[in-house]
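Each chain gets a letter, A, B, C and D, in the order it is written, and its residues are counted from 1.
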Amino acid sequence: MIVADRKPLSEILDMITDRDKILIMGCKGCVTVCNVGGVKEVQILSSSLKIARKKEGRSLTVDQITIERQCDPEYIEQVKATINDYDAVISMACGVGPQFLSEAYPQQKFFPAVNTKFFGGATSHGIWEERCAGCGTCVIHYFDGLCPVARCSKSLMNGPCGGSSKGYCEISKEVPCIWDMIVKKKMEQGRLDDLLCFTPAKNWRTSRDGGPRKSVREELAI
Amino acid sequence: MSTKGTNNKVGSVMVVGAGVAGIQASLDMANAGYYVHLVDSSSSVGGLMAQLDKTFPTNDCAMCVISPFLVEVGRHLNINIIPNSELESLEGEAGAFTAKLKNNPRYIDSVKCTACGQCRQVCPVTAVNEFDCRLDLRKATFIKFPQAVPLSYTIDKNVCIGCGMCEKACLAGAISYSDQARFSEIKVGAVVLAMGNELFDPSLFDTYAYSRHPNVVTSLEFERILSASGPYKGHLMRPYDREVPQKIAWLQCIGSRDINHADHSYCSSVCCMYSIKQSMIAKEHAETPLDAAIFYMDMRTHGKEFERYRERAEKGSGVRFIRSRVHTVEPLDDGGLKLKYIPESGEVLEEVFDMVVLAAGFATSKDTKALAQRLGINLNAHSYAQTSDLTPVSTSREGVFVCGTFQSPKDIPQSVMEASAAAAGATQNLSEQRWSLTLTKELPAEKNFSEEEPKIGVFVCNCGINIGGVADVPAVREYAKTLPNVIHAEDNLFTCSQDTQENIKKIILEKGINRVVVASCSPRTHEPLFQETIREIGLNPYLFEMANIRDQNTWVHMKTPQRATDKAKDLVRMAVAKAALLESLPQVTLDVTQAVLVVGGGVAGLEAALGVARQGFVAFLVERSNELGGMALGLNATWQGEPVLPYVMQLIEDAKKNERIKIFLETEVGHVTGTIGNFTTTLKSANNPLDTKVINHGAAILATGGKEYKPHEYFYGKNPKILTHFDLDAAVRNNDKALKDSKIAVFIQCVGSRTEERAYCSRVCCIHSIKSALILKKLNPEMQIFIIYRDIRTYGLREDLYKEARQQGIRFIRYNKDNPPVIDSDNGQELKLTVKDHILQRPIEMNPDLVVLAAAILPNENKTLFEHFKVPANSDGFLVEAHAKLRPVDFASEGLFLAGIAHYPKSIDESIAQAKAAVSRAMRIVSKNTIAVDSVIASVNPDRCAACLTCVRTCPYNVPRVGEEGYAIIEPSDCHGCGCCVSECPGKAITLKHFTDDQINAKTDALFYIEASC
Amino acid sequence: MNDSYKPKILAFLCNWCSYAGADLAGVSRIQYPPFIRVVRVMCSGRVDPLFIVNALKEGFDGVLVSGCHIGDCHYLEGNKYTVKRMEILAQLLDLSGIGRKRVHLRWASAAEAKPFADNVIEVSNIIKEAGPFNAKDHEMALNALTRALSTTRLRWLVGIDRHLTENENVYHEKTDPILFEKVKNDAITAEYQKALIQEALSKGPVTVREMADQTGIAIYTVSKRLNELELGGMADLKSCEGNTPRFASPV
Amino acid sequence: MNHDFEPQIIAFCCKYCAYAAADLAGSMRLNYPSNIKIIQVPCTGRVDIIHLLRAIEDGADGVYVAGCMEGDCHFVCGNIKTRKKVEYVKKTLSELGIEPERVEMFNLSSAMGPRFAEIANQMGERIRNLGPSPLNIKQAA
């Protein structure tokens, strides 16, 4: 799923400095699961903003709505009637949300409340880790399910760099070296010699570096 | 079995003595379909435990633990509490007794009295306060303790001068001087005696100066000194000059194990533990560092977790343990006390202490002996109720049962176990009369107010002067009238009194009130009472909210009455705001399968299965091995010498004969699902797992037993002369010649117990060794017998064995953990044993022909079984009970119970008692066909749920699960209602009924006069 | 005793008997020492022991209370109450060390001018012999007396004394006089000692031993009385330096 | 620190420990400021971040949560989760320029009557020193 972090309050407050009637839109999809954009977080953000404004003695009316997802036009359609009554709209969905809204309602101003970060999963209650970089050509089967593209800082394809020490990446002690894990796993499985074959340079064209991407289901799109 | 016709049996039981044992027995029987008459000679239930500050080994506050039980027994529809009364006589036979009672006058009507305390304030007469053990005074009109049940004052006629002041002060008009002693007669089916014991009075000893110096106190007095409700409000001070003591000495065995002064040769079995507890608690209380010393003969910490408790005291809190019998306590003039004693090293020492606590033991009171005499109950030599080990709770008179310290000195868990066992025993032959005499409250159908606007009634209480004396109650009442949705507001003197309740009901019906707010005391104590009242006129109990304007307002802001009044208004406004949003919650009930699964075919399992069958319900008895009987098959006799084998054979035969018991040998428990009242378990046969059988049952009793530890120490198994207890019992059974011919026999204690690896005491090995030694002595009087021990723990009446052993010339040598006895057999045959004698302080050598190792008792290996039932086992592998003190037979998860050695090593009579107790606890569930579940539970709104698993991960009881339905499911009967998942659910999909977000926010909004917004 | 010492004695004379007796002594020119200062009261039963303690506080060396003989009281039983009050006051005065010789109760009817004078002479000599009463030396005792005599407990017991011992109590029995006497004496000692301790407490946090020194009561008794005060909410544990707790009256 | 300022302080107390300790403080007739208003919850685990923020937003000068001693929670670990939420609210308040000390978490057992009064006095004192909540100052001006 898509994992995001909420923006600091100061940044959000700056976005709405001169606006007194706003709408906060939550999304019941990934951001609810990673606890940044669900109904609860919408309420918390609304209360925090009201506190900030009340401190400066300036009133702020905040409406709240959470739709099923902000990445499908029909759901975006649901707020059509009232969307323009606000001075601004804060979307707590991932990066897709504010863009879909802006496309649907050009005259309204949309602000993102979260920083969308990566595709990943929950390793424990309240902790999410990156697992996939969306490079477009999945190769994890060569590395026993441990993806060097997403989980190696340099996305190396042929063995660890010189900086890997005691199983951790040179950039920080919290980041485990994925190659260390790959080699250890291969040794356990007794398939170490798989790594002998040289992996050619990766064709990044299918990744973000190849420009914005699109995927079409021929059987559906008419 | 009485031969009388079964028709004239009576479905009620009389319990004499309302201490913790009497209360437990009453609750068990009342909840299993019998009407209970609970008689006590004092003015309130609670007994000795109510006087305690903390209880070992958990250091829980005694009152916090017992007061819910007091409230439950006080409010129970089927328990009739008869205070201030004595049982005069008991005629008739088991099943149909006639009990004559003498009800002494209280001079205060306990229905009218609300314990507001005005009469105590004005009474001019003071008298010694027995509850605080004469440390302070009470008035002629008094209440035993603030949480007393019945919650009402009493007048002590022999000190009262009859001046009439209390009648003038009583606002509730509860005083009735014309009260007379009355006699009443009650028909009951059985009687349970639980009169308990009193503490030994040490003024007998002049050497301890107890009656001459206030700083020499008994253990119960010290308990009152430590107690927050005691004379010094919990601050540790000594009575003489209120100084905080820096050095306190505890003297053990005062009035126990003592034949010349006290003529009590038995051990009171709890004093060692409570002295350790008091020393640790005293250290916590003292403002300055406290040096605590315990003078003892044998440190008897033989219960579960007791050994570790002692280690913690010695190593953690630095309590000094001095093995010595103090000779004299000499008072000095500055309040100090000089102790003269001889430690093990032999020189005479003197040490000055600030305070001395005499660990006084138990003794049967005069009245108890007289009552036993009147009822024809045989007492043993120590004037405790005579019982056989194999029927531990039955007295000499049929239909009369005994439990608690009147049977023999014991601690609270053992008393509570015996209470439940006595409950099972008493009701066993009355099962045809179950539910015959019990009352059930007919309640009108609940009215549906969902369409109606909220119409709130506010009832403000004065509580005598407790609220009215500080806050301006009429002003609060007038203010309440101005609040939104309030259609009626009134104030009254005592909202909780019987008559006020009646007219509240009238007003609610007249005005069509559909939400009730009571502004008075704490919901913790009075919410159930008011909820029941409004339920009686068709209002759902959850359409009710309380504002605590006494304990959390007038009582804590006495000096600022105006602010207390303003705060009362705020609290009422907040309560009314929440009341407007309250909805009625349905009462969730589940139906019950009236059968019990018993796991384990030892004595405990057999007794449990037979108990359930005799109560009239089906029992499934599952045994892993191919034979019933368990460990008991290897035992010759109980500590009182009763043969075990015939008893076990009879048990097995009864079980096989009884058609309500379904026996499954060589069968194991496969998979367990379901909750209290509705378990489904698959049984699979041990030798071929495919052969499975599914059974349904309402409760389960785990009696998986234990086994003897096979020692690696002391050459066991390498030399035929070295046996364990079970080997010796077997040898005695087939009267092995070698026993008779051996000249020197040696018993070595604590083999495998009380070590780093197994830091617990196996409780029964001392008794078993001494009993076997006596048998060997009888076999061959010339044999020299030695018992090499660390602490002799012949607790309770078992001390007689130790006394007799010494008389028979059996010699006892003490060793400590660091230098145990050493055995070596250089030539394979001849054994050589060397041990350092504790008196000579020099090693002795001997060549024993027979060495018996008192091996530890281990729990049977059942890891998978325990996981199936999701029940915890402690680090030693023994099952962990719900509460060490007051629920020693239940598991934390409802509907599951435990018994026997699987709980902790214990003697056969204790196992039998615990098994019967488990039956009685199971009857609470299985004797009914439906069971009610709490209504304050969490529920999921499917279309808001994003199936994000937060609730699954966060629930402390892992109740929620996300199934193929695609959203979270919370099983109503499993949810405990804590609300953790509700506050963490990112989609706000879960609501906790009666504590929803809106209801909580309504309270904060109301405080700041914000109208109920979105 | 130097003759120059002139004691000041306050005399409460009941209007119907002693006051009239005093007038008659005047009319008959019967001489008696000029030390008494008379306050007329309608009945000796009107005299509250607090008036007497107050008199001693403000400088009198002695107090004489004079009323009608038992049975002659214009209000039938007023003087019977006075007897009970003077008994309790006498006990308290002894307890406080001031001694009962400072206060005297005499009867003199309207016709007994001579006996009245003799009473005055006798009382004057006793007080003269006792010497001047310096209120300052007994300040703590006097304050304690005032406190003790203001407690509902003592006032109620004195008031109810005759009713219980002569007629019947609420149980329609006659209270056993020995039991009542014991209850009364316990109450008197207890209330006086508690009053003394409250005096010590009111001067700021004190320890039990300090209180014992200041009040002269035995240490263990102070500890027990202190406990009664604590249960009545009239004393609090204030602080505890080292091992010695300090107590004070609640603020 | 002006003396006529009367703070409004809300206390979320768990039914099994803190609320019971508050009752005990009452039966011991201890004393603490009257501006503490107690709201009972089954377990502090039920207290949500929104309840604390809502209280501050409504105008409370101080809010604290009182739960069982760690390890003794009637529902195993409700109090430990809530301590984390209180930390989060403190961080949010400091981001908004409001003194984080206005929000606090305490742990006590049901037998600690005196400790409850001590906490109430301590919070009353702390909020009185901090002065009225910034939200109220602008309101009043």
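Here, contacts are C-beta pairs under 8 Å (C-beta built on N, C-alpha and C of every residue); 3 or more make two chains touch, one makes a residue touch a chain.
Remember, predicted model here, so these are calculated numbers, not experimental data.
Ranked by how close its mean Cα position lies to the mean of all protein Cα atoms, the top chain is B. Centroids built from CA atoms put chain C at 90 Å from chain A. Distance between chain B and chain C, defined via averaged C-alpha coordinates, is recorded as 55 Å. A straight line joining the Cα centres of chain A and chain D is 36 Å long. Listed for chain B are residues 233, 954, each touching two or more other chains. Chain contacts: chain A has residues 40, 43 touching two or more partner chains. Chains touching one another form the pairs A-B, A-D, B-C, B-D. Those residues of chain C lying in contact with chain B across their complex are 152-153, 156-157, 160, 164, 169-171, 173, 175, 179-180, 183, 186-187, 190, 207-209, 212, 219-220, 222-224, 226-228, 230-231, 237, 240, 242-245, 247.
Chain B contributes residues 944, 946, 948-950, 953-954, 985-988 to its touches with chain A in the complex.
Chain contact summary for the complex, chain D toward chain B: residues 8, 10, 15, 19-20, 22-32, 34-35, 37-43, 45-51, 54-55, 58-60, 74-78, 81-82, 85, 110-111, 113, 117.
Contacts from chain A toward chain B in the complex involve residues 28-29, 32-33, 35, 38-41, 43, 66, 122, 125. Those residues of chain A whose C-beta lies close enough to touch chain D in the complex are 8-10, 40, 43-44, 47-48, 50-52, 54-57.
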